[in-house]
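A short worksheet on the structure shown next.
Which chain is which? They are A, B, C, D and E, in the order written, and residues in each are numbered from 1.
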Amino acid sequence: QSGGTLAKIAESGEVTVGHRDGAVPFSYYDDQQQAIGYAMDLCAHVVDAVKVKLDKPDLKINYMPVTGTTRIPLLANGTIDMECGTTTNNVERQKQVTFSTTYFVAGVRILSKKSAPIETMADTAGKSIVTLAGTTSVKIINDADNAENLGLTIHVVKDLAEGMLMLETDRAVALIFDDISIAGAAATSKSPGDYQISKQGLSVEPYGVMLRRDDPEFKELVNTTLEQLYESGEITAIYDKWFTQPIPPRDVNMNFPMSDQLKAAIANPTDDPNPEVYR
Amino acid sequence: MSYNWNWWIFFEPSLDGRNTYLATLLWGACWTIATSICAFALAMLLGSVVGVARTTPVAWMRGVGVVFVEMFRNIPLLVQMFLWYFVLPELLPRDAGMWLKQLPNGQFYTAVVALGLYHAARMAEVVRAGLESLPKGQRMAGQALGLTLPQTYRDVLLPMAYRIIVPAITSEFLSCTKNTSVAIAIGLVELTGSARAMQENSFQIFEAFAAATTLYLMINLVIVFVMRGVESLAVIPGYGEAQRKESLV
Amino acid sequence: MITLHNVTKSYGKFKVLSNCTTSIAKGEVVVVCGPSGSGKSTLIKTVNGLEPIDSGEIIVSGIRVSDPGTNLPMLRSKVGMVFQHFELFPHLTIIQNLVLAQVKVLKRSKSVAEKTGMALLDRVGLVAHAAKFPGQLSGGQQQRVAIARALAMDPIAMLFDEPTSALDPEMINEVLDVMVELAREGMTMMVVTHEMGFARKVANRVIFMDRGEIVEDAEKEDFFGTPRSERAQHFLSKILVQ
Amino acid sequence: MLSGFDYQVVINALPYLFLTGMTFTLKLTVLATIGGILLGTLLAVMRLSRHRLLSMPAAGYVNLLRSTPLLLVIFWFYFLVPFLAQWVMGSSTPVRVDPFWSSVITFTLFEACYFCEIVRSGIQSLPQGQSSASKALGMTDAQTMIYIILPQAMRNMIPLILTQTIILFQDTSLVYVLSITDFLGAAAKIAQRDGRLLEMYIFAALVYFIISLLASHAVRLLQKRVAIIR
Amino acid sequence: MITLHNVTKSYGKFKVLSNCTTSIAKGEVVVVCGPSGSGKSTLIKTVNGLEPIDSGEIIVSGIRVSDPGTNLPMLRSKVGMVFQHFELFPHLTIIQNLVLAQVKVLKRSKSVAEKTGMALLDRVGLVAHAAKFPGQLSGGQQQRVAIARALAMDPIAMLFDEPTSALDPEMINEVLDVMVELAREGMTMMVVTHEMGFARKVANRVIFMDRGEIVEDAEKEDFFGTPRSERAQHFLSKILVQ
């Protein structure tokens, strides 16, 4: 199919992987400023599959950092060919882009300081909270704010690091975002012991590789690759490498065994954006 | 892979669930205007003081002026915003820092201060240039009549200097308005920020940016229009004509 | 009235004034001349402290100008000064130009100041222009306003720095006429000018400067009769050749 | 918190900050300046042209970009450039443009407007008498431009152009909002990885300050050297 | 040599020149005077086509200046012009100022041009300054260089636009001396000036302008003796009073 991603890659001889620069442990920078992480490993398999498919073993791979703001436009305008990070698969986004099979199931939760703990959205009433620009959390928070009349001051920042900074410096009492990411941020912060994560989840967030719409050929290739990893059980090794063992650059251990939701999603691969499917 | 235009997006409800996207953009424009006006008022005030300081015969005042100007114009505005927003509260005593951080609309005040000081440095140079463009004899004439130095500045030098720099003030004001957009880096949801938020959530990049650009153009036009009025108020009969004649000969 | 004793001033290594000594009695008119850059403007500006001096002494009507404690604004209000480029305040009307310092410095009421101002404008023949701005007058008219502005402060002496050299030839005389009249009325005047016709007519003494020194300081008759220094002779021959 | 100021963090980060970050910033500054001057001169000549077909579009472009915040322009071009490249190269899909080149294009297109105004006023500000004198000697319009106007205009413009370049150097920090690794971006990345924001921001401010200050000082010295004795 | 016939020119509605007619013979020296803004500068600039005219005819040494087909650069290279503000090229040294047009317009070799240039600098007494820049010379010196620059093109006539009015009084004579000598050597000259001493000494004819018209065009003796128009009388009385 002309105009498809595979054709574009074949034509230009290069593929560009969009990644996040601080989404521990999905895609983030190590000591050498190389993008690494769970999602990056999965995407490496996709790239390998592309090489085989196009018979181009010396395919050039570009890495490009994206933010919540830039990831969708950059995918749409052809700057990146896939995005490997912590992007939630949901219905609104499906109008612009599409997603591979789900490779992680997160939930939005609240990170706060132990000295001023926050458990539920109601606890944040009248206070300043922070979340990340261009993410699904923004909508969740706004909906809660409107529904419960919380009178929140909502700060929307560029990335997780800035969000942590707001929380660290008491500009906000809570950082509300995907549980695994805030866990990563807290774990790699200066004093991990100061923070706590709420028990209650505000939503279910299936992650997938974000791809351009209307390109079934490429999506097929990505899905096949992932499903092969799921079937062969290779996924467990990759998962453990990032979630239950010490990871670079500072040998922090996320201690985050695979959830039942993810196990189910791996047993029955799906790219469904509907949260109910994963509950 | 082509881009899906959707101009109706402006009338759809935005993420906050209360306003349409158009309304959020207009709110953003209001923040832009408010920030810009407050910051520029600060810049005019401080800039005038520093600009005057740089032209006085008093050595230490000139020194302070130089330090102020060099300091605030040689650090990128974005970095200055970060310093004011993230670094300053940490350098203050704990309670003062906490108070600062929990100030409602903290980003707004920070943006006003950061922008105000940044543009004050540039206004100081403008005011100085205005004062220096006056014939040296004007200061002497004022003093020869027995006016004190402050009187000479207030009644003789500054009224002329301000008239001369009206065009420069206009362009500084325009630049200040544009620079408010840098405040998105500390989370102020002004016009560029609300366009960005609209883009993130609706994915209609070019509609959002086109609307923001149009609004900026309109704000610009209004400023230019108002400053034209100021300029015509500042005209002194005979003064400009003499200048114009001279440039012809 | 005005005494200068050993006045010296340098810009860096460059001596603008060296050991200038002279004095001007009440009612005397002294013309200062000399080549460009010889320090005439600087000398005349030291008299009311517009140019600070490095050493020496200047006494104006009993006040030591160069003393750090001297109230310079007060002194200056007593000594009128007229500049080469008029230096009217362009943003003020003619009458406002005359009123400003009377109100701010002499603390006169606005109405008194305006009355004084109008009387002086009448004297220089410019009442009709009171409401105009300086830019709307010709050079000669502007200079007459400048003289009126200085007179409004009731000065005890007047300093002129080349008052006619920025004027078109046709306008020089209207200004000189005002100055001649002033001299006749007994005003103490120190005038930097190249207008030797004026010097001949009203000066009591002529001071000739060169390279920061007072080379010649003579009665008018002596100066135009038998100038002693070669430099002064040379200068006069150049300037009077036409 | 200041008591915990950690110099070691800064020292460890130096190679990355300068080899990756500052290199990017300086390369971007230099290329955008060169591109901006070339395009800006072209725009200036167009604006000064008597043909409205040339002067109007140039004026429109310059005025449009000058009334838009640089940050918005950066967003615009970052997302638009691939489509532009597709159009220019006649490709069937939007073309991937490296963030570096995307930034170079953005800043070139933006700064050209400011350089245009510098060049234009540089040419216009010369006294009319100079070209009269040149023509009175029998020189043609072209000779007057080449031997009399441009050499003087250029010398008058050099300080302004260099000052604009220093502003450009500072403005490049705005690519931070796109997570591009310029100097500020590099500092921010280290800061977030090591949780040392204060150290990195203060250090970044210091570096920008010193470089800009030295550069503007150098411009002042140069200005005296190239200035025409008058 | 130079003929103007019914020359008219307006800026918008404002008539700068109206129906100016005169002619200058070879070797003649004509002085143009008149009040400020009367159109003297404009008139003299029409002669070498620096100011285009609306109607009328100008012929210089057989060439019709106002014809669209005229090679203006060629004509101008034959007519020297000296400006009020000298207009030396500030980025070139004195000798480079003299050489440039010789090389670019007359296509002389650089060495020939330099020789001519040095000879002319010698004539105006400035060889020692050949390597300096204009900004390093006094006004009088600069104006002498400007005259030398014009002479370097071997002009058949010279135009002067108030060549001394931007000079200090002492420098006026050093420039006038050069002009007087030039006139004595038989150069055709058209000189806008207020220096009536110069006019008396060397002019053949005097043209008096007012409000864009040539009001008076008379032999020198007649002009200074019995000027006919009232305006000219008034002007002379003002300018000569000293």
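What we mean here is this: a residue touches a chain if its C-beta (ideal position, glycine included) is under 8 Å from a C-beta of that chain, and two chains touch if they have at least 3 such contacts.
Since we're looking at a predicted model, the values are computed, not measured.
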item: Contacts common to chain B and chain E (chain labels); value: C, D
item: Chain located farthest away, centre of chain B as origin (C-alpha); value: E
item: Remotest chain, chain D as reference, centres from CA atoms; value: C
item: Intercentroid distance (Cα basis), chain D paired with chain C, Å; value: 52
item: Length of the line joining the C-alpha centres of chain D and chain E, rounded to whole Å; value: 47
item: Interchain centroid distance [CA atoms averaged], chain A/chain D, Å; value: 36
item: Chain centre separation (chain B, chain D; CA means) in Å; value: 21
item: Multi-chain contact residues (two or more partners), chain C; value: none
item: Residues of chain D engaged with two or more neighbouring chains; value: 79-80, 83, 93-94, 177, 197
item: Residues of chain A whose C-beta touches two or more other chains; value: 3, 69, 73, 76, 78, 158, 165
item: All touching chain pairs, where touch follows the definition stated at the start; value: A-B, A-D, B-C, B-D, C-E, D-E
item: Chain D - residues contacting chain A, complex; value: 16, 20, 78-80, 82-83, 86, 92-99, 102, 177-181, 188-189, 191-193, 195-197
item: Contact set on chain C toward chain B in their complex; value: 45, 48, 50, 72-81, 83-85, 87-91, 100-101, 104-106, 132-137, 149-150, 153
item: Residues on chain A engaged by chain B in the complex (per definition of touch); value: 3, 68-69, 72-73, 76, 78, 92-93, 95-96, 128, 133-134, 138-139, 142-143, 145-146, 153, 155-158, 165, 169-171, 212, 214-215
item: Residues of chain B that touch chain C when the two form their complex; value: 135, 137-138, 140-148, 151, 155-156, 159-160, 163, 236-242
item: Residues of chain C defined as touching chain E within the complex; value: 35-36, 168-170, 172-173, 194-195, 197, 235, 238-239, 241-242
